[in-house]
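Order of writing sets the labels: A, B, C and D. Residues in every chain begin at 1.
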């Protein structure tokens, strides 16, 4: 109801504003016995961190996480894991002009309309700074999933009209972190980089999208209808700041595909169980996993904080006003969105794994599970 | 967890299988004092009913609803409303060939993988017959919203590659029910009808999409993040059978739009409050309503039940098998999907209205609220 | 929020008013593969049924249950089980005098205050008729638990000042159903019967209590704090109509017991694992099960519907008024409360078993589990 | 499911172990516009703090709270309030002997049985130190309720066999904090103090109970059945560490009271609305508030940590063992339990107020509401 809780058995609860004292997240439902330290979480936070490249905001946040509970002698105890991340580099003064004059397409006006007040510094609660909490929670979910052989990976597949060709799961694993754009196709990454710099120079910003894939998911996960995998992923992905579209399987294109072509015939897999000959349904049939890769896309609109002059009104003075959002902002969202999307996918999938009784505590202290990156050759996205 | 519950204050709980004795839905959280009879609900059920035209399945279900509780002397009492709809025209025999030989792209295999068994007649719980419950619940939500001046409307905007031009909210209200396709643009409707019949004749099916719009929503509804309006709509729309994409605002196109163009400047509205000059953000900023229309699209893939021959395997006999799904099926989903999408939008929006304290019981017994269909001239979809 | 939902993984959703068309309950989360028919449920409903003896209301309800979904060929499919029970013998006319003149200590006034209206016939939604739904749901939970060797049993241990001596679990199993009072101690049952008849003759009613015990619960069920077994049982038992006290372990008496006496020392059990030497903590330590029997008591106040003359006011006419509640009512609640309390205990415990991953679907189609009624000799209630 | 979440619209999420780095609590759903600072919360924490008197543990915890979010310029913003309290004086070494040899009647064994591990220092997550989080959350709820004229008060009404006579609400307000025992009846408090010291000297501990009362609650709060006020209070009160009984209204005594006596006749109140002549039902009828005071009792068993020698077993060595729990512990729980019980009552009642739409944001920045401590003269507890 209050927007700061996600998950059913793996529960994430968050707080924090962009320029408040600090961010915090409580993770409950993490199985006991998982090896876990702050460094594991920090690694993911660093991928999301501001100031990591020229195409991210220059705000200087070290984003150091502290674990306050739920871990003892390096292993989780099954009780809630409380984490905090202090805010260090807030410069609220820059936001004073916007207290009663909402920035275009930010949450300034709507938060004020809802609450009659708002944390105005840096966008307050509506700032994407909140996602630092998600990435911390997702880092824990990722660790558990790894032991079960489930793996999530995303990369930036489009910025403006620069679109990446299809890449394989292995390419995503190998190349995504190679460049600042987080596109697994190196040549396209360069083009994207140029496009972004171009918009940055013009004081503008640009939209883009993220492609994701989830491998190693066991069959039979998910529930009918309102708790189908796609319904829960839909909520998770539409929670990502700036997301305006969620697609899975053939996504938006499915509207032009005939049934005969879209349907996946069945054949026997190597283990003698039925597997779909193709995977046009993105690993899900009837809302439940087939065991094939789940894949989809999330569209993120252009950052709303741009240096260009824009028109607004001041509801206190009643005057029309021209404003310029100074602050320190990203010219494009998907590059830093990749770890955020991955985090929410990890959180959502672990929740399903726990609900399906598929997390084996005995496996947690052993070696990570084996996931076959060649998992199934028939995914239409990875031919 | 079990997929049959939706909503927080306005709660919908469902049961029923395609060929079981009957369907049922419990609606709790409906405010007391609403005038309500079975006819109001029946009207919506009839829009979803099979056999309503040549392009819908010929299964003969009258879909008569019975209200078992929560209504007294024609008015709701605030206590749970239990409704049942009997199944009359089940022909399970036709499904026997598929008990251990899953139909391509149905839930046959995944349900069996999850539960170790399944209601196999007519697709059982995975059948879209379940949506009869949603439409019954949505009909109640619609009644309440009408008293508050909130109105939901949808129409079919694409079938295969036949795409309708943009239509206004008034056109949707006026023309959607005029034709079997439920497209508010009459000429396009005819083209769609031809395309559908073409696929039907070929023993195939085709995908399509639904455009929706919500008017009269007050400002300040929704909550940050996981309970943002788009996150909840994302879950609701991805629950709709066969949906593969959910978009709102500029949707998937947002990936190619620069920030300067996508951002909505602010101006003063007629009542002296700030309103966005345009409405590229689909009525939502920071996950909370601006008061402008909320609009978006849902893609539904082609029906998976097609008469064409397809390949499958029988997990009992271990044999490859050619099958032909006979049954009685729709060649396209969006026409019957329109009342389903509207129902879930009504349910979701009433839930937000109740959470926001915006439903006034005193208004329920008066005349329906006034919604201005010219609401705001700046919506990019309704220029 | 709306009071008709209970349970987390095993979810019960109810509707229905005393004199409405019918009652209904949706059970979701029941594992697939359980043998289940209407007769199994009917057996429990018959224990709760009105008119079963001279000390229960003479309302003539057959309480016949219909299963609408979730069961196929005699086995559950894992999908929601919808059940309905029609109301047959409603005589609402008798309640007309109370529409605006609330009966003392019923929900008449409070329901009207909350909803601005109410189903006034027979107490409407506030009537204990609702518990027919609970008993139907509990019958299913009981079946599952039986396969896991968990068993719940209750009996009436006090009516007015007639108190039963402690009885063993076996005595409860053997004797509870022997008499109309449902007291497992035959001599006390006779005394209770006399006392009840005495109150009945005087046009009055009397309170009483129910003792319960749960055997065969595995160790380690429950969660810290707000989801401790006692917290969830507390909610379940305080939901029972007319309950005014819930106690477990030494209950209210614990206030006078020193720590040294109340503490349970540890010894090794037959299987080499630690067991408490005594079981003063009622099978729960830190909110989690020790594996020892869970036991406690629920107090039910006297029925509020009595033929004696009472004073009320009519909020429409503004007049003071003397009323006599005619209807058909029970002179005492615990005898019919026993199946209700057992039902809610079964529902609550199955929920914990599912959350703890302790329900093994493979066991469901075999023989019921073995529970040792001599389970542990040290329970202070069963020496 | 994980035991660290309470509340529906007013949501409390907690973490922390007795000897971990720190405790934390996230409060979401607090209305915007409430004046709030750390001092307000600290005041309540100090009432619960260890070391406040000779009859509480000497552990030296300052329990200083830090607010990390949700408050700006001294007022709440409507977004989640994250708070942390560091642990300073942990002496885990003392607990080493109990790692594999469970202390009698602690959660040592059950936590290990559930999780396969546990935070063993100071009882870890099972320690009552967790309640520091509840008191912090309750302090916020109390502030909101005060503006609405709702007031909660509790005092210790029994320690061992020393029972306090009934006291009025005013006496509770005036005298509870006067003595270390927190009994509002000064003479009884002295007797209790002596009794406690006596047990303390003998190396033993003793049980007791807390009486509570809630005034100023509007009519019509609560919902039928599973969400009745008593059901939710039942869960809240049975969550309190060491509670073994919850009673409201006439509680356990109701079992011996005839209907005619227990029923509350109706008369017109000063404002012309119906009020019960007496208040034997503890302010609740049909699970919904009558507007009269809600009152009840909670029994807390004797502290399990006692210096006396006790028997246990070591599951590692397989040996029987005599242990002595040294640490620093309370000889009795109710005195420090009073702020904890009040906190959970405040949290629960605010949740109901929010669900009932009874919190008026406009009142929050004005003067606290007026509650009439003479509220209604007919409460049987306050004659």
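What we mean here is this: contacts are C-beta pairs under 8 Å (C-beta built on N, C-alpha and C of every residue); 3 or more make two chains touch, one makes a residue touch a chain.
Keep in mind that what you see is a predicted model, and the values were worked out from it rather than measured.
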- Item | Taking each chain's C-alpha mean as its centre, the one farthest from subunit B | D
- Go through C-D and B-D and name the pair with more C-beta contacts between its chains. C-D
- Item | Distance between chain centroids, defined by C-alpha means - subunit B, subunit D (Å) | 46
- Please compute the C-alpha centroid of subunit B, do the same for subunit C, then give the distance between them in whole Å. 39
- Query: Quick one: subunit C and subunit D, Cα centre-to-centre, how many Å?
  - Reply: 27
- Note on the structure: For subunit D, residue numbers touching 2 or more other chains are 1-5, 8, 14, 79, 114-115, 125, 224
- Message: Considering only the defined contacts, which subunit D positions touch subunit A in the complex?
- Response: 1-5, 8-9, 11, 13-17, 20-24, 26, 28-29, 32-33, 66-70, 72, 75, 77-82, 84, 114-119, 124-125, 361
- The answer for subunit D against subunit C in the complex is residues 1-6, 8, 14, 101-102, 104-111, 113-115, 125-126, 130, 158-161, 199, 204-209, 219-228, 230-239, 243-252, 254-260, 262-268, 272-274, 276-277, 280-282, 284-291, 299-304, 306, 308, 310-313, 315, 318, 320, 355-356
- subunit D-touching residues of subunit B, taken from the complex the two chains share: 79, 224, 357
